[in-house]
Amino acid sequence: MNRLEEFDRRWEKKNLGLFHADPRYREPQPSYEPCLWKWKDMEEALKEASEIVSAEEAFRRTIAFRNPSLKRGATHTLLMSCQTVLPGEIAPAHRHTMTATRFVIKGGGAQTTIEGEPFPLERGDFVTTPSRTWHDHYNGSSEPIIWLDGADGPLIRLLEIGFSEPYGAKQQECTKPSGGSLYELAPARPSWVSPDPIQPPPYRYRWEDTEKVLKALGEKPGDPFDGLLLRFVNPLTGGPTLPTISCEIQMLRPKEVTKSHRHTSSAIYHVFSGKGFTVIGDQRYEWESGDTFALPLWRWHHHGSRSGEGAILFAMNDRPVMEKLGFYREEEHS
Amino acid sequence: MNRLEEFDRRWEKKNLGLFHADPRYREPQPSYEPCLWKWKDMEEALKEASEIVSAEEAFRRTIAFRNPSLKRGATHTLLMSCQTVLPGEIAPAHRHTMTATRFVIKGGGAQTTIEGEPFPLERGDFVTTPSRTWHDHYNGSSEPIIWLDGADGPLIRLLEIGFSEPYGAKQQECTKPSGGSLYELAPARPSWVSPDPIQPPPYRYRWEDTEKVLKALGEKPGDPFDGLLLRFVNPLTGGPTLPTISCEIQMLRPKEVTKSHRHTSSAIYHVFSGKGFTVIGDQRYEWESGDTFALPLWRWHHHGSRSGEGAILFAMNDRPVMEKLGFYREEEHS
Amino acid sequence: MNRLEEFDRRWEKKNLGLFHADPRYREPQPSYEPCLWKWKDMEEALKEASEIVSAEEAFRRTIAFRNPSLKRGATHTLLMSCQTVLPGEIAPAHRHTMTATRFVIKGGGAQTTIEGEPFPLERGDFVTTPSRTWHDHYNGSSEPIIWLDGADGPLIRLLEIGFSEPYGAKQQECTKPSGGSLYELAPARPSWVSPDPIQPPPYRYRWEDTEKVLKALGEKPGDPFDGLLLRFVNPLTGGPTLPTISCEIQMLRPKEVTKSHRHTSSAIYHVFSGKGFTVIGDQRYEWESGDTFALPLWRWHHHGSRSGEGAILFAMNDRPVMEKLGFYREEEHS
Amino acid sequence: MNRLEEFDRRWEKKNLGLFHADPRYREPQPSYEPCLWKWKDMEEALKEASEIVSAEEAFRRTIAFRNPSLKRGATHTLLMSCQTVLPGEIAPAHRHTMTATRFVIKGGGAQTTIEGEPFPLERGDFVTTPSRTWHDHYNGSSEPIIWLDGADGPLIRLLEIGFSEPYGAKQQECTKPSGGSLYELAPARPSWVSPDPIQPPPYRYRWEDTEKVLKALGEKPGDPFDGLLLRFVNPLTGGPTLPTISCEIQMLRPKEVTKSHRHTSSAIYHVFSGKGFTVIGDQRYEWESGDTFALPLWRWHHHGSRSGEGAILFAMNDRPVMEKLGFYREEEHS
């Protein structure tokens, strides 16, 4: 024990200690590694869960992608899970600080009710549940529905600011017509609508609309690192999907291989359709429809599609956090 | 001539003179009066113009609503005209500082090309032509089309900042697909789109979309002064239609009569459908489908619908100018 | 009279007429010319006015720089005057839509009270009187004070939105300490201060502070077109001086000659100290301390200093109007 | 082990697991407790450190306030230390993602050089070192100087985005004059200054200026929860001190006792002068000049001064983070 360690030990009881500034060059070293989850595993787990979790526990039929390098979450700030709701089931109403998103990957005919407005859930639909909005889900169809639950839960944990509240009843009363916000938030906008300075309104981005955009723009060069990249923006202001999360659709055209870059945001990707690969650092991850993978921050990465029809990825990242706090940096691989 | 007048006369040759501050209470006194134009007059004038204006002069087949109290314009800042383009005709390409808008009131099957993108023009469609964007029009259908041309021409004159340029060819080359911007500016937005800090992109607000919004929200209480009021917003940011102009659709439900107010913005209204009246000051103006009227600033006014089916008005005002410069004020009639 | 003129004449009675679009190339052609006012004229006029305008009419002892090409104002949007207040006189309290500024050019020891706060007025001080703030002036010193009154009066006229109100008493009660806003708006800012989205607070920019900045930065290259250029910014947000007006101090170092440019904003310059010249179009204007001159929009111009000690200009322009409405353009002379 | 635990254990090897949503009411429960550090301890520790840390290790002569409930930091997002630099010593140049602040509590005559500009450091001065700006310190006086180092280090750790770089030489070359930014960022602002959208410029808030504001506003009612509260704002935009940190001066007038509230931001307070107490939850902390204490988020708290002359606190909090991400909430104690 040198004299500095000895100093620290002595002052520890007064809650004082030398500040260990390290003068050497350092870059972000994420505390976790990339991870790939195969759809066949998740599918089987969901089937089992459908059997062992009862209707009363329906809200627990959500299976998280666990990054084994982390205590919780798929990255240090983001989590992703698959939730399945069986025909007739209700996931009970509650709200929390945690911001959530739904992206439907199988089935349809269900709805999520947010702040009194029912939003239909069909395959490919993307629905936002902003922080502290009441929400419940109901599957009124005759087959199970499966969606991806994305959230900033790990960030909420790090920042220690999580509030959570049950609604008091199993379901909210629907006080607004289904699809109403699609009309209220259109470019011909009612006079009573005005944007909140921070929170976007709950919103449903219909797959039929997203698909039209992909088709209409399929020939465009797109982004050098991410293919044809669509961002789900706040429909009122054009800002990021949510204050802490950006969600995106990424289309890799047949045989498209992107350039490599790295950035201080982390991301989770889900393969909506097609086949391809992502190289992260010196590791290559082969993926196909239904697979999910996590990208740590500041790792070099690029994507490629394999199949004749290209591939479509759904992606969620924490870039808005990094940008707003002044921490966003990006580098192109030379 | 008193001593002050004599002072002024003496110093006039040096370009100096007493500043005449008037210490009394004053409110805005518009230099012009309300004006109502009947559709049957405009219709007949357009028919005559179609005969006497040749195809080569097609760009002149635009008939302006002239407010007799003003040298030009329908209000001190805004102008409105009706343009008709006959089958096969082209209105040649040019651009100018003046911001323009088109609202189709009769016919269809035509297109306006703006910055290389053709925008279809069908009845009820509203298309913006932001300041300094190249534009030309073409009627490829078999019947004449008539639209309202709205613009900030009088404001441009007052501010003396008008630039104007012919294109060099009769028509622009179409470098973008028809309807492309509808996809580029959707809430699932391509990564290459980013808003200009001031100018919105050219945009087409399809009547079929506007109508859906009106139908979906028809039961809402709406605005106390304007009925169910939809604002055409900048699709990228939610800001006003254009930097100097706000365009709106106003639906008065059957027998709806609004409250009276006044404001420092002026407006031009066109009756898209239905029948009703507007009271401006102590004068009542009865209007029906196709009529157009001008509202001076700071005049008390309210609207009412007559017909069983209510009425739909298209409105254009200069409120963004007044708001940005800090001059917007509004008062509710007690 | 050709067939189109005949058409117009016939339809005039219905308030309709052909829209005369001119397809040729056009640039802004200001309706007025540059103008230079010599200090010895203004000085003599002020002296005369001090004799013929009584204390009761003190608010009229303001002599405007009249641009002979315009009905009112020194440019189409801006006006400038010299106001003199004699020892013991009060210019009575009122408010108006018109935004005003004061720049003290002779004397001192007076004060302007704005919204209950007295602002001292010393030579070189610049004080803003935002739209619709109550204000009155008092000269408590033993010598006359002279300041430049700048305002957006002509713009207010063009937009027809002028309100004006007498206060009811000759002077406001001082409810705030002299110099209070200097402390309230400092970078260590009290929690109760929050910026208005459009209007800045009334503010005094002390000459002693401005002069320190000029001295500290005197060696910097500055702006290629305007020498060392300081802008008086909204102390709360860094935005323009006022919503419609930017005020600036421009220091031309000894023998500095700037590059030539033109822009869609117009300006009024006052020579605070030194000697020099400004070339506007092909005309050269020689100026010296106390002179004032007007620059129309879109005219090529450059400045030069003559004297060994350089020159300091106070300038006021309407650039914020042009920028906010999307009309600002600037070109460097090749 | 129930069936759900058994499920989890089985799927763990595939990195899948049930998402444990807890439907009960929850509020933030900070992972740490308040802590008070006495000045006499810190003073003694600094004296010892001055002896055992050599000039070559000068950058290590920084003693952190360690919250015993946390691995690092005084709150979960913020750290505070005391740094002492002896006469003639240099703390070598480097930069990092971590945002830092200096608040001088003893001595003076030193300087911190940031991005080539030397900033004098005198007692009470507050200087910001924004993220990724080069900085080094030098004590050119004849006595030790002590300042508080505040930083968002723990937040940087949580977000895992820390970059760090040595400069290559012990000190930066001074390329700007001392005090230059005070002039460049004044309300009469040079044309070349324009704000970065996120990062403020490095800035020195001189104690003599802060003190003048405190004196001028001493009679104002101030904030109900914090006394007379001054926020150090971004001098260019009026925004928060730094993207992740707000720093404040809080004056409690003699015998002033504030109301109690709680909020989702956490804070560290340092007693610059005076005596008083802070009640956090049901614990009362008595403090006097030189003491430091940490306030966890979402704890009820109020402050009171004791001494005849009142008290002045320097405070640092993470409110900008919570506000930007949409997580800020505040409640007044009923």
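Should a chain be cited, it is by its letter among A, B, C and D, assigned in written order, with residues numbered from 1 in that chain.
Just so we're on the same page, a contact is a pair of C-beta atoms (placed from the backbone, for glycine too) under 8 Å apart; a residue touches a chain by one contact, two chains touch by 3 or more.
All figures in this text were calculated on a predicted structure; none of them were measured in a lab.
Relative to the C-alpha centre of chain D, the farthest chain centre belongs to B. With centres set at the average Cα position, the gap from chain C to chain D is 42 Å. Note on chain placement: the centre of chain A and the centre of chain D lie 32 Å apart, centres being C-alpha means.
Taking the mean of the C-alpha atoms as each chain's centre, chain A and chain C sit 53 Å apart. Shared interface positions of chain B, i.e. residues touching 2 or more other chains, are not present.
Judged by the touch criterion defined above, the protein chains form a single closed ring in which each chain touches exactly two others. Chain B makes touch with chain C in their complex at residues 3-4, 7, 11-12, 14-31, 35, 37-38, 41-42, 45, 48-49, 52-53, 59-60, 62-68, 76-77, 79, 81, 83, 92, 94, 97, 99, 130-131, 149, 156, 158-166, 198-199, 243-244, 264, 297-298, 321-327, 329. If you check the complex, the residues on chain C that touch chain D are 177, 179-180, 183-184, 186-192, 195, 203, 205, 209-210, 212-213, 216-217, 220, 222-223, 226, 228-233, 235-238, 249.
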